[in-house]
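Next up, some structures in structure tokens.
Below are two complexes that have subunit A in common, paired first with subunit B and then with subunit C.
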Partner chain A sequence: MTAVAAWTAIALLGAIGLLLGTLVHRRVSTEIRRRALARVSPDLDAALIAHLAELDPAFPDTGGTAMGRRALRTTALGMLLELRGPERARLTAVLEHAGIVVESAGHLGSRSPRTRRRAADALAQYRSAASTDALVGGLDDPDAQVRIACARGLAELGDPRYIQRIVEVAAETAPTRGGLAADLLLALAASSPSTLGGMLEEGRPELQRLAAAVVGELRLADQAPALRGALSSANDAVAERAARGSGLIGDAEAVEPLLALLRDHARPWPVRAAAASALGAIGDASTVGALEAALREDEWSVQVSAANALATLGVPGRETLERARADARADLRGHAIAALDR
Partner chain B sequence: MKVVVYVVLVYFVAFAALHLALLALAAVDLRRYWARLNESAFRRTVRSPLAPPISILVPAYNEAAGIVDSVRSLLALEYPRLEVVVVNDGSTDHTLDRLVDAFDLREAERPLPPFLHHEAVRGVYLPHGRLPLLVVDKENGGKSDSLNAGINFSKYPLVCAIDADSILEQDALVKAAMPFIEDPWRTVATGGMVRVANGCRIEHGRIVEAALPRNPLAMFQVVEYIRAFFGARTGWSAMNSLLIVSGAFGLFRKDTVIAVGGYRTDIVGEDIELVVRLHRTLRDEGRPYRIVYVPDPVCWTEAPESARILRRQRRRWHRGSVETLLIHRRMIGNPRYRGTGLLALPALLLFEVLGPVVELAGYAFAVAAYVLGDIELSFFVLFLAVAVLYGLVLSVGSVALEDVTFGRHTGWRALGRILTFSVLENVGYRQLVMLWRLEGFWQLFRRGDWGAMERRGLAVPAAVDDDR
Partner chain C sequence: VKILVVDDSVTVRRLIAARLTADGYEVVEAEDGMQALELVRSERPALVVLDKVMPKLDGFEVVRALREDPATAALPIVMLTERTSEEDVLDGLGLGVEEYMPKPFSPRELSMRVKRALDRSA
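== the complex of A and B ==
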């Protein structure tokens, strides 16, 4: 027994030594890398800014070293989300000239999923036509994250030849990776908004929900008819998102289907509350009667949405609220007072 | 006597195996998280119109000194859409006046939402401008009661429960919301890592410079927090069996919290109990769900620097764990609740709740066995050495994980101090905390709260020590 305890103690001491060794090694190597980057970064950053501001036509010089490319890539990735228009195009040209786009494209062939994900994510941000072939190849990657990032890269480039493939990736990943698929749809909305309309008409419910959210939030008025169609979806999440979207766009032709949603008591409250809010946002005074009926229901969230919607419908809406303020029902009075106060 | 010693040995081996497994799981999970952190998803989320809006709930009791700075820093957090709901829990100082003056608030008419029960609301205040702030002034009812009121009056689908003195990182909400964005169907709660703010330079409710505390008690807690958050919670989360989402920072789906009845106001461990109830209800309903721990330092909180307050805190924490186990005792060992029932709750019972009893009894029996000649001195000493060394493996392993991922305490001196306190905690501090936890047990027995727990309201204001 004593011997077992002694060996255990020795093993634990060894484990502590190993952990400490790893810790010190990581710290030292990180510090060496940080210093190496700090040596090249300031000059490169200054040269890059001068080039982007068109003060210096020469491309920043990475010295052809891996560390130089790394420093330039890190700075560029930090700037890409901020830049628009010609500055962004110039930055992409800098990355192409420095061989960084080709380097990242090469990393897409790595055996490590982590390396491929980072490469795909970087390529999606570079928005370089030189990366098209690599991105198309990445659509068949076994890793879903790589496929989504490559599809996003292609969507950013806006090449119509690949839209069908992008839609397939979005449809396949929407049920399990909603956030990443939503990102993909946001990118697609910029280059091909009609594709989102198509998704709303015949996509899977998860994809329809995301498409409805994107169309609404980006106020893609051209796609309002497709959004209107989604209002009658049997899927409540899709109908709710479509209702919110119709309200955000202010689609006057959606009033009738929205009224049908509001009156459909088989729908859960979030759908009916979204329909009430959308009617308020559209601002059609003919909906006052239906909203007043909703205000007189017992579902608290529907009542709040109806009251707030009435408050936005001008004189008839406010008159309805004034009447409700004198109602015998305390909850009605409360909702009316709060809505008039907003 | 030997039997008892063997029982302690088996217990120790089981504890060691579980915590080593958790540490290994944490290492894998952190590596995965770290790899994804380098992608652009976080930065895009900050701008995404699709990020789910969040209501931040701030229960405040006598927080006049710091509430304005806290609210200002919360309003300035990086997130596309958020509102701050401050619940003034019957403060007897000028908390409400400070808020009214600083944010130009006016009293507004709002009907009382019917979702969760809480103490009477005295008034609702809104800014004259478009600032996304709402202040609910209510009768004193404690932190859980205030959170329930905050949930009631919040308007967004995600609610973030924090303490009034929690200091959030600028990107805390983005990081905590990522699981909701990535997997909106299943994610119901996320918890973030809480760090000790003592010693840090704080300006206008923000951490300007991370540093270690000078106070030894706070230093011991730094080690404890690193071990608990980097080792255990990351590991439990990887198994979808996380039991604690810290009261200092947690993000929840509002509809799910309302569906399970909100926070209980009659217990002290409302944070752990809510999470266990979420596990229980969602499993009972057969609904797929995730409760995720985000292994990222998103929130800073002040740790007690006096033994008196630390003792009170530990007694409350321990009592909270016992109460939760009692309420949900049917889940313990029940395969229906998978990892939560089969592993996490039994581990909470054996190693957290009964830990102090077993460890202190172990010391006593070992001494007695040695005196009676049942064990040799060499074995006794070696066993103690193994226990201390094993604790060190967990501490150093967690510190290593923290250092190679987020490394907020840079510099060799800081690392040296953390490691030194990892060793020193085994001599006195650990045993003292064990005694305080036993007191938590004792309080429950002595006050006869076991049966009263189901009924009695707890009119205890949110105290500075509610920062688990």
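== the complex of A and C ==
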């Protein structure tokens, strides 16, 4: 064996030893942390629950240690998702008192994007007014996820001073991260529903599309007029979501613009099908004629939606479907039978 | 008055138990639907606080089982749901659920609903 081969073997063994040592060290450190956490968690959990249930006015004592704060934060994050009302406000006060809010706000200044994202997500959940300045600063973070989480945190807090900034982040996010932007609008809908109405009227299609979906899903009836206006949007995706939303809200005043949408053959089928479904959901029997005409078209999805809508319109709708069941056209018969059987 | 709290989350169970205990109720806990049915028979609670989404037997299945048994057919139930959809509420009301409590929830408000359901059943 040459000297070169011997040295290579030694170097290889050394590298393997180093790797194993690092793995063992990491594993041991994790285990020590886990055990330390398990030691402090039960008492802190019990103290926290007693405080939240107003059995004990004293704040849970973390002992001022990082491990105590970590244990409290872990339990609190699980509870934040479950609680609302006075208990949630008490939990936020506990986090503020233990210095956890300040600690997370400080982590927003970290060099590591991962740390900043985690801090921003945590602050968004804490809903502490004490984190407002940090969250506002996070809106200028170079990392998009941090900006979005900070905007969500501010939306949850509902401070009207920052609504425009939140809308800007939503607009920037919507084209590439629709789900995150929708989450942001959901948070905004809780604190400032009229902002969503404003988005529908403003004219940025990405935001209009999301706002229409959120207004509909949350049945924000106060925003129905803005949704109605969006039915005539030149953007098909916006018009489609607005049609669905009007149906979910059951907006009787949207019947005429929905009929116009259904009859507009220049629109693609998803828009017209959504209009037909919305008319069924609103339940105005005067729309039977228009829906029957849609049923007699050749576009499969529009026919299905029209048939299902007719089935919800009481006697006149069902009579129309009964006639279609005896029609010479096989497709009409099939749609009518399926809708009547639903 | 004994209340059975059924939820697969230990945190939620303990939160509810602490609130109800503070309000003067005796609380027994179950972590899934099967255990809940056993405890209903052995502990004879006056009311059940029931989570809808659970392992083994979900909340609706527990309600059905309770309603099918003449001994528990009239047992008041307050149901906790992750997100109250119209269908869930209608299904639950059809099965005889007295009160709904959408999550996230306030334990204090839950305790009030428990009291209301007990008053109605008295």
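A few points about this structure:
Everything below uses one rule, namely that the second predicted complex is superposed on the first by the 314 of 342 C-alpha atoms of A that agree within 3 Å, B and C clash if a C-alpha of one lies under 4 Å from a C-alpha of the other, contacts with A are read in each partner's own complex, and residues count from 1 in each chain.
Criterion: contacts are C-beta pairs under 8 Å (C-beta built on N, C-alpha and C of every residue); 3 or more make two chains touch, one makes a residue touch a chain.
On a predicted model such as this, the values are computed, not experimentally measured, just so you know.
In the superposed model, A:H107 lies in contact with neither subunit B nor subunit C. Of the two partner chains placed around the shared chain by superposition, subunit B is the only one that A:L20 touches, whereas subunit C remains out of contact.
Touch criterion met: A:V214 reaches subunit B, while subunit C stays clear of it. In the superposition on chain A, contact of A:A6 is made with subunit B only, not with subunit C. In the superposition on chain A, A:G178 contacts subunit B only, with no contact to subunit C. Of the two partner chains, subunit C is the only one touched by A:M79; subunit B is not.
Between subunit B and subunit C, B touches the greater number of residues of subunit A. Contacts of A:R70 after superposition: neither subunit B nor subunit C is touched. Judged by the document's definition of touching, subunit A residues 81 lie at the interface with subunit B and also at the interface with subunit C. Contact residues on subunit C toward subunit A in their complex (touch as defined above): 9, 11-12, 14-15, 18-19, 21-22, 103-109.
By the touch rule above, subunit A contacts subunit B in their complex via residues 1-2, 5-6, 8-9, 12-13, 15-16, 19-20, 22-23, 26-27, 77, 81, 114, 117-118, 121, 124-125, 149, 175-180, 182-183, 186, 210, 213-214, 217-218, 300, 304, 331, 334-335, 337-338, 341.
Those residues of subunit A lying in contact with subunit C across their complex are 45, 49-50, 52-55, 75, 78-79, 81-88.
Put simply, subunit B touches subunit A in their complex at residues 35-36, 38-41, 43-45, 47-50, 108-115, 178, 181-185, 376, 378-379, 382-383, 385-386, 389-390, 392-393, 396-397, 399-400, 403-404, 412, 415, 419.
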